[in-house]
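Paired with chain B in one complex and with chain C in the other, chain A is shared by the two complexes that follow.
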Partner chain A sequence: MLAIVAKLVARRLLAAIPILLVVSALLFCVLRLLPVDPAAMSLPTTATIAEIEAKRREMGLDRPLPEQYVIWLSDALHGNFGRSIQFGREAGSLVAATLPATIQLAGAAMVLAAIFGLGGGLLLFHLRGTWFEAVADFVSILLLSIPEFLWGLILLFVFGVALQVLPFTGAVSPNLPQPHVTGFLLIDALLVGRLDVFASACRHLILPALALGLAFSPAIMRVLRSSLFDVYHEDYIQQARLRGLPERQILLGHALKNAALPTLTLAGVQFGILFSGTLLVEVIYSYPGMGNLMVDAVRNADLPLIQAIGLTYCVAVLLINTVVDSLYVVLNPKLRVG
Partner chain B sequence: MAGSLLRALGSPRVLLALAMVLIIGVCAVFAHFLAPHDPAEQNLLSILTPPAWAPDGDPSFPLGTDSLGRDVLSRLIYGARTAMLVAVFASLGAMIIGTVLAHISGYFGGAVDWLIGRLVEVWMSFPPVILSLILMVGLGVGLDRVILAIVLVDWTRFCRVLRSEVLIVRRHDYVAAARLLGFSHWQTIVREVLPATLPLLITLFSLEMAIAVVVEAILSFVGLGVGPNQAAWGQMIADARQYVYQSPWNLLLPIFAIFFAVAAFNLLGDGLRRTLDVRLAETGH
Partner chain C sequence: MLALEARDLTVSARIGEATVPAIRGLSFALAPGKILGLVGESGAGKTMIGRAIAQLLPAGFAITAGSLLFEGEDLLTMTAARRRALLGRAIAFIPQAPMTALNPVLTIGAQFDEHLSRLGLKSRKERRDRAVAVLTAARLPHADDLLTQYPHQLSGGMCQRVLIALAFAGNPRLIIADEPTTALDVTMHPPILRLVAEMQRQHGTAVIFITHDLRLAAQLCDDVIVMYAGRAVESGPARTVFAMPAHPYTRCLQLANPAMSAERRTLYVLPDQMPGLMQLAHIAGCHFAPRCPLVTAECRREEPAQIVVAPSHTAACIRAAATASICATGGEFNVPAASAAPLLRVENLSKHFITSRGPFSRAHNVAAVKDVSFTIAENEFVALVGESGSGKSTVAKLLVGLEQPSSGRIVFDGADLTAPSLRRRAWRAGSLQMVFQDPQSALNPRRRIASIVTQAMEAGSRPASMEERLKRTKELLAEVGLPADIAARLPGQLSGGQRQRVNIARALCRVPKVLVADEIVSGLDVSIQAQLLNLLARLRLELGFAMLFISHDLSVVRQLCSRVLVMYRGEIVEEGPVEKVFGNPQHPHTQALLSSVPPDEADKEWPLLQAN
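Right after this comes the complex of A and B.
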């Protein structure tokens, strides 16, 4: 089975190469349409026209667009995305510095979304046929109508401002040190043995992760419920019932396992979107991740940085999809052969 | 089709949703008459006043004022106009591009289908929020730019779902019969295939309006939306965030407005999906 999964991952990654090429070309073209001159922006305002011209030549901006793209791409493949205009640092290193925080947030949010989705889906299904079913269904549509950034603001207001029980700015209390080993704050705090930092980081993670988890669970909930409905029409459920198995065991032992597959497909798509959903949540909670950096870059038209972050998001989505597809193969015996 | 649309009107969910849409629609269309103040008018002498029913409330500002002394109710009403303009035109644009490509792709198949399929795949590998932000950098702020950005991002939603529907419809005998009767490909698509995909199209359109409202709010929130001269809910939230301790109302009201609009379109879409019997795999959008 491992070989099949490896083959699938290899195939998916291979298929991702042309996609990423086109995506990077698109990214490059869109940003070249900008009415800003990167050469002039990277020089002080006192620069002369001649200096700007020289800089343009140095940056390759005087060459034809396709040639510029090839140069940019070969640099990017060597990990060189150019220098951020506003920070004056390598765009690649800025991304590398903020990516772990975003991954940490997205990871925590995915766990929460999966738990809420699973629990909610089972609850929705359990309520079938009762008078409460219509209400629950209605509520789930309403929940579906609260995107992550509204959840972020609502939770910030309720738990941060009104009840004042949880922190809502940054990744850790400002008076605590931020150890740096792997870049993942939670892991680093444990590595250096600072439990206070770890606890503070956890508390700071709760609201943003909860906002994302709540926003992305209703869709999972609803798909799990409808998959369970489909599964319950199958003969083996009837047979399990005839064998006298308790309803609970039928649901959790037989039905859930089979309903998990279609749910997983959707969850994979959702997790891809969730990863980019971190952007707004990070902005709302001033969380020092890639999303905040992106908004900074976008506001300042910092082209090299926008390109680097944009590509990173695409790679992340493609990777998440690949992982979900392999999980699908692992869980689905039908796909394991050949 | 007309019959099933009428039947949809019998569903309480669709009726409730339509009533909600109507409220927002009336605000949007008649903003000029409904708003007690000019949404941009600043009253620097009465900033951050609470709603009229609060102890310090001022009856001339029913829902209070923001940090520049602008009337919150008026800004909410004009924000509805912004949200509706974006929702209607962005969804129309995305629907037209997506539908045309989906029908071409599903009907003709072959190389065209492959090409459009790959195009959708590339587009979908871009997270929508990221793509719309990048587009806004390139396009600049403004109502028309927001609409264009959403169209350019979201046509894939229509294209992907409709294409598989066209593939099913195409196999029906009446489509082959139309060809035998001498219909051109174009006539066959417009008169035979398109009507069959219409229920799905209407449902998707409603769900897309919900998405467009959210995207507009997000872009305005980040400061890359309709621009500072136009009242927008996302912008109101961004402003209110800085004064959340002094004036929580300013934050909660636009949040509720966005939720109300998105819920209206989601309920409408869900109600239509049920009554029009649309086979729409739940995407959760």
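Right after this comes the complex of A and C.
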């Protein structure tokens, strides 16, 4: 099985190369079409035209666009995404500093989405044929139509502003220190033994993770329910009943595993979108992740930084899809065994 | 004490506002260690009885009267928990489609483990040993390895053996086997049936054996009940019912079934089809009356009671005494002499499929058809027989041009069809036509019948006008024996037999010289099958065409074809005139195919079924 998964991962990584090339080229070209001049922006407003021209030559902006792209790409391959115009630091190191926070948020949100999706799907299926079915159906469609930023605002107002039970800005209380070992705040807090920091970070994570989790679980819920319906029409379910198995065991031991397969395919797509969904949620909660960095970069037309973050999002989505597909192989014996 | 007793069992279906009985007043008694056969065509209510025992009826169906006693205890009034405790332990089921009856994501071992732990085996080791023991008893070699495998790694026959082992694992006192061989290859039928019979003898289990094949029931069962439209029309000792059917329906079914040893004759054709649940309400008196050759005015007055025709042999027919007089009409079976000159010549045809799984795996070359050569003369019906996976369907697709051969030639009327050219292809469509296996998926569900059967007229430089097409539709529908008003309907509104007629009509639209028919009667009931076989024989006389008839059913082949090609693993291993090949088969595979057909005569033993 390991060999098959390794093969799949290798194939996916190979396929990722042309995808990343196309995405990077698109990013590069589209950003160059913007009516902004990186040379002028990197100089003080008092700079003369001659100084700007000199800067343009220095930055290589006078060369043809394809050549600029190749230079930028080869630098990027060496981990050098150029210098952020607004911060004056390496764009790559800025991304590296904020990426762990975003991964932490997305990871927590995915776990919540999976739990809500699974639980909700089972609940919806359990209510089939009862009076509650129509109600549950209506609620799930209602949930399906609420996007993550709206959840972000709703949760913020209810639990942050009105009830004042949970914090809603930043990743940790401002009066606490932020230990830095791996970059993942939750892990670092435990590593240095600061349980108060860990608890505070957890509390700060709840609302943004919940917003994302709630937004991305209804689709999983509904697909799981309809997959369960399909599976219940299969012969082996009938046959399990004829062997006298109790319904609960049929659901959890026989139907759920089969229904999980189509659900997982959807979850892969959903989790890809979820990762990019962190952007708006981070802005709403002033969460110090890549999303906030991106918004800053866009606002200031900080081209090197935008490119670096854009590529990072793309890589993350590809990675998530690869992981989910590997999981699919692990769960589906037809793919696992030759 | 009886293993199972049904007293006036009635199952009703709610359709809209109406309540229609799907099974009416069924009574039978099954003693321990006996096999009771439930015989009938689809829709007769056979499967419903098995479902009633488990109280797992489809939505809308309910038991409305009668009782069903398992060892004296009424299954219908006992608590759900008590009934569930019996299922799997005292009462077990062997399903119809073994490939889909095992959970695809669990290993065989996991499914056994779950079942055996429910049966009360405490330790893991104990359960494992028991699983190996029952699998070995079901004649599955390497039971140890089998436990780690998934259902998709097994063949259909192996899956069925696993399910039989599962069913017998709890030493049940009653087994319901619902057409346990129908979904399997013919050569798998005798070994599976023998296994069921052996296990039944060893365990002393009572068995309800549901089947559509009276010949098979006669060999396997002690008693049979023949069902028609939800009612038992005849019941008695299996061999007696088979040898001397007392109900006209049983007799007609037998006459509709092509024989393996007797003289070839025109098959008896029962008109129309079994009434559906909705139609039943509108039939007064005997429900078989509309199709019965012996019908009298009295038959339509009231439903006939069960009449004892011999000790323990009853029939629900007032004309039972006259049943033996029913015989097939239409005279002798007319086979026009095939001309010697071959119309279609297949020379060294091969087809390899290359299965590749992307850049990292090696390409596998699978030979589906290996060096196949044969000829078909004008007006000749040639059969191509073999197991599933032997390459029969690939040959069909190669002939009509749906696949391109890897090597070899197909010469039709002197022209090489393998030469690639578009015009040839259009021309080929006019002279070689295919009828597909599954009438359901072969017809576009969104097209009207008229547009389906005249589809061929859309091709060519000048599409036919609507009037021309409607005119041709009328002719074609009349030829295949369908009413003209069907032209405006959609395929979904037709029955399976009617759809297959539409399928044939479509292939006949431009009067092809060769028809390639891929298992066109395999999913159909005997009476519908007889209608289609007679139809094909008549159409040949009227229109004149040759046919490559692909089938796994040797009695059908014998009925219709004059020459047979036996295919095994992509090669033709034996060929010759049907009488000669069937009379004196040379290749072991031909012998295996032949011996898997139950004998026609009631007093003849089926050697494969006997314990060795």
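Following the convention adopted for this analysis, the second predicted complex is superposed on the first by the 336 of 338 C-alpha atoms of A that agree within 3 Å, B and C clash if a C-alpha of one lies under 4 Å from a C-alpha of the other, contacts with A are read in each partner's own complex, and residues count from 1 in each chain.
Rule of thumb we're sticking to: contacts are C-beta pairs under 8 Å (C-beta built on N, C-alpha and C of every residue); 3 or more make two chains touch, one makes a residue touch a chain.
Quick caveat, the model's predicted, so the values are computed rather than measured.
Novice: With both complexes superposed on chain A, which partner does A:Y236 reach: first (chain B), second (chain C), both or neither?
Specialist: Touch status of A:Y236: second partner only.
Novice: Counting touched residues of chain A, say whether chain B or chain C comes out ahead.
Specialist: Greater contact footprint in residues on chain A: B.
Novice: Of the partners chain B and chain C, which touch A:F149 in the superposed model: first, second, both, neither?
Specialist: first
Novice: Answer with first, second, both or neither: which of chain B and chain C does A:A10 touch in the superposed model?
Specialist: second
Novice: Regarding the shared-chain residue A:L26, is it in contact with chain B (first), chain C (second), both, or neither?
Specialist: In the superposed model, A:L26 contacts chain B only, not chain C.
Novice: Along chain A, where are the residues that touch chain B in the complex?
Specialist: So the residues of chain A touching chain B come out as 16, 19-20, 22-23, 26-27, 30-31, 33-35, 138, 141-142, 144-147, 149-150, 153-154, 156-157, 161-162, 218-220, 222-223, 226, 266, 269-270, 272-273, 275-277, 279-280, 283-284, 294-295, 298-299, 301, 306, 309-310, 313-314, 317-318.
Novice: Touching chain A in the complex: which residues of chain C?
Specialist: So the residues of chain C touching chain A come out as 54, 56, 84-89, 92-93, 95, 97, 100-107, 114-115, 118, 150, 152-153, 163, 166, 358-361.
Novice: Quick check: in the complex, which residue numbers of chain A touch chain C?
Specialist: 7, 10-11, 14, 234-236, 238-246, 249, 253-254, 257-258, 261, 331-334, 337
Novice: Chain A touches which residues of chain B in the complex?
Specialist: Listed in rising order, the residues are 13, 121-122, 125-130, 133-138, 140, 210, 214, 217-218, 221-224, 237, 241, 244-245, 248, 251-252, 255, 258-259, 262-263, 266-267, 270, 282-285.
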